[in-house]
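Labels run A, B and C following the written order; every chain starts at residue 1.
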Amino acid sequence: MLKLGVFELTDCGGCALNILFLYDKLFDLLKFYEIKEFHMASSFKEHDHLDVAIVTGTVSSQRDLEVLKHARNYSNYLIALGTCATHGSVQGAVEGKIRDKLEKVYGTRANPMRALDSKPVVEYVAVDFALPGCPYDKMELYQLLIDLAKGIEPVKKDYPVCIECKLNEYECVLVKKGVPCLGPITLGGCNAVCIRSGLGCIGCRGPLPKEANPTSEFEILKELGYDEEYIRKKFKTFARGELRW
Amino acid sequence: MIILRYVKLPSENFEEFFNSLKRWGTVYAPVKQGNIYAFKRVDTLGEVSLNYTRTMLPPKKFFVRPKDTLLKLKNGRWEEIREVKKIVLFGVHSCDIHGLQILDKVYLNDPVDPYYKARRENTIIIGISCMPDEYCFCKSLGTHFAMHGFDLFLHELPDGWLVRVGSVKGHEIAWVNESLFEDVTEEDLKHFKEFEEKRSASFKKHLNKEGLADMLDLAFDSPVWKRYERICLGCGNCNMVCPTCRCYEVCDYWINAYEAVRVRRYDSCFMETHGLVAGGHNFRPTRLDRFRHRYYCKSYFDPSAGFNCVGCGRCDEFCPAKIEHVKVLDEVREALK
Amino acid sequence: MNPFQTYDARILEVKELTPREKLFTLRFVDPEINKEFTYKPGQFVIVDIRGFGEFPISLCSSPTRTGYFQLCVRRVGRMTKYMHTLKEGDIIGIRGPYGNGFPMEEMEGSNLLLVAGGLGMAPLRSVLWYALDSGKYEQIYLFYGTKSYEDILFRDEIIHLLKHGEAMNCRVKLAYEVESPSCIYLEKGFAPKVCKGVVTDLFRGEEFDVENTYALICGPPVMYKFVIKELLDRKLSPGRIYMTLERRMRCGIGKCGHCIVGTSTSIKYICKDGPVFTYWEALSTRGLI
């Protein structure tokens, strides 16, 4: 039996909850794993060595950083789960220094909660696998955990959202409706859920590593009539500054 | 009545004929969905978009499915998953019929892909005539008219359809529906000819295929590729919608703790890993390499099968960057002069 | 018959050749399949780790030795890493053999010049043993370029041939890049057949009867150009230079498209039209090497 721990840093809680949403599939995982810590599922907690640790959320406080370091130091394999952990998500996209932000909101630069500028997990520690998505595709996590349990490295996705969108035969909202869709430059794996509902991809899985062509995407959106500031903001939300155009 | 190669289906019998097709299998036909067309299961003629331009995914999706479960792992062994249903593909355009014949060359070649073959054998193809839109360039490639590869082909007439019988199966279908058909008259043939002439004159896009393969080979270092590398998103949409693109990727997925499935899905030569080999060497490392590769692959001329492109216009219609196949080739040719 | 089905093969032996490469000796569980399984040097099989994926690997044993076959696997990716954890008695899936292989019959009665670089030794070992076992070839040369002493694949066999090869009409030469005491020992023992340098250095001072010699090359992509230059300098016909190439072969049967190379004038599937090509074919198909 492998020992599994789930650690939550600052986030909406959805990523941890999404693990429980595996429902009956969770029992397949329990054939290989015993859960040693998973705050959202159980108060049971046993601090010793872990085979696999899952961390969700951004590092936004000193407490987060300590939890993260603990998870890294006590585990063989660390998974950064969800866009907060892999790319910093929305809170990571907020610009400015923490004390300036505190002053703006609370009128004082004091920092009793010992808050930090929100940053993704990957900026603090080395992770063995980063699984983005807001929320991530729970079946992808399932495959990942089963692969690890069976002793093989998981497969990394190499394609943009467009591929899965077409495989599902969804109407292309970018070409056919002029909806600002980041599908062509965003890492796939989500099964194009947003496009299924007629929405444009917001890029929550981050840019397709190395391969994205944001310059062209920028021009396309501009041509569709979106103003540069809007596009820039769209590009920044989940990209951790990786998109250059 | 002796059914010949040509018969006429009068308008008033069309619906009855359509309904009769159900006895041969589940009927799939082009249906409008939002701003695109898709081959979907239909029950009534009213659901069918008879004058559709092109579906987003070509009919290849019935033979090589976008996501296709090939094998299932049980007790450590692969079990074949092969349920074949009889289907009727109603309303296939000539270009797509040609597309399927190009796929046949690959999938029915030794060793035969049993999934493809079984599905192909259990499918009846009923072609339908069409009018080109701004994306079509099938006429330049000679794929605007299908001589074979269908069971029946319906050509629009003012008062019905001129039906070409393309196979023994097609003959049987016509036979069973004998009472619905009439003999073709001189006037029908005149209308048929008129339609074809009108259609022929309606093409707005032309591909110069004169020495295309050699021209492209010479243009390996053309600056045009470099220009398009900057525009191309490398998203693979053109591959996904192409009726002749056939690259696939295979992945194993666990469906429970001990059982897995082997699934193949369409792949795109624009993906980084497409040309990557063990050890990290990539034979097509840049987007330029991949962009050019697609044009090389499409413009390859196989003496027995023709070009790997049928001029359906899907890649143009669904390219977010609005890259136009014919324009790229024209520009490459122009730059060579 | 479903060409995607794989057949149970039992691992009879696992031998560590180098820190990165292991030699797997396998036999089909079903004796019927075992009997029917014949192959040519230069062909490959697809290894199936069920539930995880497949990968292509060339056969490095000789069809002259029946009852088993061997695969030399370098630990590079997720699949091969997993393969390295397998032990004697474990069962994997195999399908194949695929590819055209070397035209061994056509080359009968001629000299064979095998030029191997690194892992390229694996498919050429199949040719080597085939040639030695069948005795149907004149002189056999093996020029083998390796990184270091530790990286020499089939080291025992290579050293054996360095010692006794001449008696079997087999001349083995070895070039190494990284110096070590073991290499110097080899060099002292077998000068001038062993030297520091790259594989093309082994051509120095060698003359071949080009009318009656076939060259068979396998190695990393960068190696081909240099080796071919040596051969062309000696006026060996492009039709007599055979190379075995590597691509991301997925299906092995010319369907999946991953190994397509070429341009609009000539397109080849490495898995079906190759992996063995003549230099002449490489000249007419851009991107082959």
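The definition used in the following text is that a residue touches a chain if its C-beta (ideal position, glycine included) is under 8 Å from a C-beta of that chain, and two chains touch if they have at least 3 such contacts.
Keep in mind that what you see is a predicted model, and the values were worked out from it rather than measured.
With centres taken as mean CA coordinates, the chain nearest to the overall protein centre is B. Across B-C and A-C, the chain pair carrying more C-beta contacts is B-C. Per-chain CA centroids place chain A at a distance of 38 Å from chain B.
Centre-to-centre, using mean CA coordinates, chain B is 40 Å away from chain C. Rounded to whole angstrom units, the spacing between the C-alpha centres of chain A and chain C is 44.
Touching of two or more other chains is recorded for residues 147, 155 of chain A. Touching of two or more other chains is recorded for residues 251, 254, 273 of chain B. Residue positions 51-53 of chain C are each in touch with at least two other chains. The residues of chain A lying in touch with chain C in their complex are 147, 150-155. Interface residues of chain A, counted against chain B in their complex, comprise 25, 28-29, 31-32, 142-143, 146-147, 155, 158-160, 162-163, 166-169, 171-172, 174-177, 183-185, 198, 210-213, 215-217, 220. Against chain B, in their complex, chain C makes its touches with residues 1-6, 8, 50-55, 74, 76-77, 80, 91, 93, 220-221, 246-248, 250-251, 253-258, 260-267, 286-287. Taken together, the chain B residues at the contact with chain C in this complex read 70-71, 73, 76-78, 80, 106-107, 109, 111-114, 212-214, 216-217, 220, 246-252, 254, 260, 262, 264, 267, 269, 273-281, 283, 295-297, 299-301.
Within the complex formed with chain A, the residues of chain C that make contact are 49, 51-53, 78-79, 81-82, 85.
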